[in-house]
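Just below sit the structures, each encoded as structure tokens.
Two complexes are shown next, each including subunit A; its partner changes from subunit B in the first to subunit C in the second.
Right, the complex of A and B next:
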């Protein structure tokens, strides 16, 4: 402490320690919050198609599985209605939310399938009231087989990943989900 | 040049202790106030800025050797009168041993 540099060094070190402590307090103040919130999801138009998934089956093609995968990969187009209010989720330890809609279903070949159909990033300060009508799925809903045609119970859930200033990165599921079934026939129209 | 070399740039021991104590108090106080304020307006960046303001204030108040940190100088003993010829002969082996 006898020189200017010594005092400056000690002060900078102490300030950074205090900053770490404050950040930890910020984490502690939000770690026990319950971020679940209700959301409603609906599907309006559900069709299923049978088209080749070239992106997924190139490798399988080489291995000689092309008959199954090329001809019977399935795609689905759902029109989602999604409504939720997320404004109260933002606090001083939330920088952004990453929302995503997941379809979960069971097929004879796989006990548990999860496909992300849609996602969205909401920064803090942006409009966090999600009220979307007639949006299409953002990503293809491929099944790795023909498990979607006539499937009776596909569940859509909305979840979000909370990106904090400090602390955990929790994945939180919305309260409420939507189950729907696929038509038993392939559509012939272009969608 | 005498003018510049005569500017005192030291703190006495008590002054060093006081400056460190003062800087820690200021930074801690600003940190606590910043935490409360940031929580109140729900903006953690405000907390960081308040802490930064505390750091600047503490830097100004306690890093430069202000005169208020030189109020309790050490009372050094008076220099001894130079030793006589006899004394110098007896003391010289001792000083060699110390080395």
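Right, the complex of A and C next:
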């Protein structure tokens, strides 16, 4: 009964169950917290242009879908301002915040569109006060088709995905969003 | 060894009992797994992260709990686990853009947090978008490190067989 194996087994089982219990308490202590917080976003310069999306058609070339391939999309380059204070979101069960700015809009061809324009990873201990002026969109805003020219109502929202040490992975939208419209003509300048 | 002596002293009835309890353990594990599949709607409710493409959020060996409710729509920023034709191992990445038609068909593009480019290079040749049928589930819960055991088992198959045989022997021989 009191062999080395038996004692080792008991020790390992006890350590594991204590660790599991502590992890569960850590999860329970933060599961009901409200992680919403206000943020302000606005756009300074909105430009729309019609160019082919080569990244979306390169693969198709080889396979001979030439007619489908000629997909001219619209891209948009915006200059954003983004301001929020997220320091208070960090607690002992938040390892990382993944911030992202989503553009949401409706077109005749698609009822619901979401495009992420910008994202940022904030680890615990890093500066979580976001006050960005005149940042460019990190990803191109391609529409699936030609729905952006003259579009009246595109909504930008800031959201964050909370990565815990152990627990749920909620996506939380900031309180406050920004709507803007696109110019009715394509730009001829370089973007 | 004591255990082996125990085993030799067993009669037929006791051996049968041991075999039965071994079968109980295997079948209850299977029941829990299948039950989770029903509750979460995902064909694989728990996955182990196998690559570093979502670092620093997920490291190799972290465990993710998935759900795949059809009523619950996929949205940008969600972490989806998807399968691509020609690749056996599912990929865990984040939805970057998404277009949904009024009849409910949805197409979306993903990107790993730690990758510089989106996933079109990872998809099957000619594939530009993912659709609902590629999705295994969406990550809802996170538990670090626990999956390291399965990673070791996959990297060292001998270790896997040794562990399995040892466990089976322990259950079969050990006297209650």
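FYI, the second predicted complex is superposed on the first by the 174 of 191 C-alpha atoms of A that agree within 3 Å, B and C clash if a C-alpha of one lies under 4 Å from a C-alpha of the other, contacts with A are read in each partner's own complex, and residues count from 1 in each chain.
We adopt the following convention: a residue touches a chain if its C-beta (ideal position, glycine included) is under 8 Å from a C-beta of that chain, and two chains touch if they have at least 3 such contacts.
All of these numbers come straight from a predicted model, not from anything done at the bench.
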Would you check which partner chain A:109 touches, where first means subunit B only, second means subunit C only, and both and neither mean what they say? second
Touch test for A:169: subunit B only (first), subunit C only (second), both, or neither? second
Please work out whether A:91 is in contact with subunit B alone, subunit C alone, both, or neither, and reply first, second, both or neither. first
Can A:19 be said to touch subunit B (first), subunit C (second), both, or neither? first
First (subunit B), second (subunit C), both or neither touched by A:33: neither
Per residue count on subunit A, the busier partner among subunit B and subunit C is C
First (subunit B), second (subunit C), both or neither touched by A:2: first
Taking the superposition as given, does A:11 touch the first partner, subunit B, the second, subunit C, both, or neither? first
Quick one: is A:129 in contact with subunit B, with subunit C, with both, or with neither? Answer first, second, both or neither. neither
Counting contacts the way the document defines them, which residues of subunit A are shared by the two interfaces, the one with subunit B and the one with subunit C? 23, 165
Touching subunit C in the complex, subunit A uses residues 3, 23, 55-56, 59-60, 62-63, 65, 95-96, 98, 100, 102, 109-116, 119, 121, 123, 139, 142, 144, 159, 161, 163-169, 171
Contacts from subunit C onto subunit A in the complex sit at residues 2, 56-58, 75-79, 94-102, 107, 113, 118, 120, 125-128, 139-144
For the complex, which residues does subunit A have touching subunit B? 1-2, 4, 7-8, 10-12, 14-15, 18-19, 21-23, 25-26, 29, 91-93, 165
Subunit A touches which residues of subunit B in the complex? 10-11, 16-17, 19-20, 23-24, 27-28, 31, 34-35, 38-39, 42-44, 47-48, 51, 54-55, 58-59, 62-65
